[in-house]
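In the two complexes that follow, subunit A is the common piece, with subunit B as its partner first and subunit C second.
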Partner chain A sequence: MDARKALAIARKDLRVEFRSRATIQFLLLFSFLTLLMFNFASPPFSPALREVGPGLLWFVFIFAGMLGLSRAFIKEKELGTLEGLMLAPVGGVEIVLGKVVYNLCLILLVELFSVPLFIALFDYRVAGSMLDMILVLTLGLLGFVVVGSFVSAVIMGARGRELVLQVVAMPLLLPVVIPTILALRRVMADGAPLARIGEVRLVLAYIIIMSTLSFLLSDSVLEE
Partner chain B sequence: MPSRSYTVAFLAGLYLWVMAAMYRALSLGPLDPALLRYVGDPMRQGYKIFFFAMQNAPVVYIAFLATLVGSVMYLKTREMRWDIIASSSAKLALLFCTLVLVSGAIFSNLAWGAYWNWDPRQTTTLILWFILAGYLSLRSALEDEEARARLSAVIGILGFAGVPLTHISATIWVSNHPQLYDKAAGAGFSLDAQGASAFGMMLLGAIFLYIYLLWVTVRIETLERVQEA
Partner chain C sequence: MGAIIEVEKLVRRFAGTKALDGIDLKVEEGEAFALLGPNGAGKTTLVRVLSTLLRPTSGKVRVCGFALPEEREEVKKRIGLVSHNPFLYNELTAAENLAFFAELYGVDIDVEALLARVCLNHRSEDLVGAFSQGMRQRLSIARALLHDPKILILDEPTAGLDLQSRSDFYAMVKDLHARGGTIVLATHNLEEASYLCTRAAVLNKGKVETILDLRGETAGAEEALGRLR
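== the complex of A and B ==
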């Protein structure tokens, strides 16, 4: 594996993306809308929001990410540029890693945008340290992007791929989704310091397992 | 391939075996009164549904394990028969998983007064069900036979590897979740010798049923593919 090749793919994707800004525009608008919907659905100034809020914040990323991140591979398939990518002297691992880096950049932009918006809209006072909250969220997003990007590489040839992605990726993502919600709640509602949150280690373990498997299986996914 | 008379003899033997196991389970005495204060009164005799529910759970794991083996072997050898084994076993795993969920819910309702109470095992089984359903939907969405075999093998491996951590996630989530029942009830229930043998017999019966169904499904799938080709 050559990390420079993977970074070259990520750089190419980011350049293409920032020419049209089609996906990032969609991601930001969609997460804004989702936040608003959640805000409408919850009673204003309710004390229950302290407990539910972290879950709502997290699901903004899941919803936006599920729709947006699959674009990285599906776009190549639709435009017919996948063949070109496969012909280039890069292996499946580099392609998948490149897409992971690209998707991570996109979702971090969404994070930068959505977290302040969430705090403002819900008037949420974070009990713990802001830095811990961002770290927990970013780790969860890393796991989400690693699994999500790999699964979207698997499903890109399927019929109705956007729908198939949801049902295939969601169950595989639960070991990231559940502990991240719990950890976020511990930081945001209970004010626990990062070192005391065991759930984070679970996410980390899952990221390591899934990255290893993706590394081993990438070449079988992207052959032809 | 065994002849029809062997199959009939096997099925008759399996039928008699399961009948004997059911007789053994149903002739057990009522539940220990010391445990009854943790669970509802219907459990006095109703606890025996345990013997009709739980023996399916190990079969789900065995079937999913066969899917894993089939998937790994397919990626190694690229022989279609491994894909047939993996997909057939996944179908059966989904079938047995559904049985576990439904019968588990009935047991749970008798024991704790709610069909669903987010017991870690129940939750893990439900997630497993979704993983298997996702695997099979991916298969039905891929048309090319080779791509279907290759890509679903990847998801089969990923799904199986996720199961242990899925179980841990469900467990920590439930421990954060409000408790709906006394944990001691689950811990206090243990099987005596007759109960253990009844459970063992039911389990063996379920495993042999799975093996038979796998054999039939693999055969049907093989014949269908021969016909298509």
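== the complex of A and C ==
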């Protein structure tokens, strides 16, 4: 595997994205509006917010992330540029890794925007360490992107692919989403330190399994 | 000079349908060879197999001495493909597109010199999205040539081009061939094939009907194509 080629693909995608700004503007607007709507719907200083806060944050990430994921491979497929990548001496592993890095950058940008907004809008006091919260969130998002990018590659040839992506990816994402929400709740509401949260190890193990699987199958998946 | 492309009993199936049905073919090094035939003859499928985008269902394919699909990474380094789809990113400039593909091929290139070769050096900083179809096709040639391939494969490369762009394109292909490059052109246009190539395989329903010498009269080729219409 040549990491430079994977990074070249990620850089190209980010350059294309920041030049058109089509996806990123939509992701940030979606995150902002969702948090704002929940803010109006919940009474201020409600104790229930403490419990549902982690789930609410993940609601934003999952749906914003899905919108971003669907563009990574599907756009290349629709524009016919994926064949240009396949013609070059680049393996499926480099292409998938490039897309993972690109998607991770996009979703981390959403995290960077949404977490301070969430804390400000809901006046949320994180019981545990802020660093632990960011680490748990980032680990969960990494899992989300690894699984989502692979599924996006698998279904890009399907009819109605954007809908198919959501249907296929959601069950595969549950082993990431549920433990991450539980871990996030323990940090944000219970103030537990990261080292004592078993769910984190579960997410990490799932990421390793899915990464191995997607890198092993990437060539077959991308071939027509 | 020996054969640079060797195809033996090549079969490619799509869901039970044979798009290629026992193709036998040899292209010599430095030759300009055409794949002629009506729509659905199997030209594009054959091009996609030769350019590593499709795996053969059965049969033997060797390009530059390397077997497909086993040694496709070696083949990729030695071929360039230009099709009606330019494989370019509209949101990147001409120079950025070439620099990106050069990174993927792992080669250092002089972007300006390459763009000058296809008469686009004055537009290097312009977004490809603002280019005409003819300019995109010229840039696509630059993309296909940036790693100095031994074989340039052209799949209906002039589809959608106006007369001037087509004429410029022909001049570029002639120049490449004159420099010793091997050209494989898939087209349904006999005039285009006879202008650019010296030999042609006439394909029909996934089979090679006949091999033609295009250096002399094209009457034989017209007759062969006429039988297929």
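Definition applied: the second predicted complex is superposed on the first by the 221 of 224 C-alpha atoms of A that agree within 3 Å, B and C clash if a C-alpha of one lies under 4 Å from a C-alpha of the other, contacts with A are read in each partner's own complex, and residues count from 1 in each chain.
In this section, a residue touches a chain if its C-beta (ideal position, glycine included) is under 8 Å from a C-beta of that chain, and two chains touch if they have at least 3 such contacts.
Treat the numbers as computed from the prediction; the structure is a model and nothing was measured.
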Query = With both structures lined up on subunit A, is it a clash or a fit for subunit B and subunit C?
reply = fit
Inquiry  = Going by the contact rule set out at the top, does A:V96 touch subunit B (first), subunit C (second), both, or neither?
reply    = neither
Query = When the two structures are overlaid on chain A, which partner does A:M86 contact: first (subunit B), second (subunit C), both, or neither?
reply = second
Inquiry  = According to the stated criteria, A:Y206 is in contact with first (subunit B), second (subunit C), both, or neither; which is it?
reply    = first
Task = Based on the superposed arrangement, let me know which partner A:A64 touches: subunit B (first), subunit C (second), both, or neither?
result = neither
Residues of subunit A touched, compared between subunit B and subunit C (which is higher) = B
Message = Looking at A:V146, would you say it contacts subunit B, subunit C, both, or neither? Reply first, second, both or neither.
response = neither
Ask   = With the two structures placed on a shared chain A, what shortest C-alpha distance in Å links subunit B and subunit C?
value = 5
Task = Go through subunit A and flag every residue that touches subunit B in one model and subunit C in the other.
result = 223-224
Ask   = Hey, which residues of subunit A end up touching subunit B in the complex?
value = 150-151, 154-155, 157-161, 164, 167-172, 174-175, 178-179, 182, 198-199, 202, 205-206, 209-210, 213, 217, 220-221, 223-224
Partner subunit C, residues of subunit A touching it in the complex = 2, 4-5, 8-9, 12, 15-16, 19-20, 79-81, 83-91, 223-224
Ask   = In their complex, what parts of subunit B are in touch with subunit A?
value = 75, 127, 130-131, 133-135, 137-138, 141-144, 147, 150-151, 153-155, 157-159, 161-162, 165-166, 168-170, 172-173, 176
Ask   = For the complex, which residues does subunit C have touching subunit A?
value = 51-55, 73, 76-77, 79, 81, 85, 87-92, 96, 100-101, 103-106, 127, 143
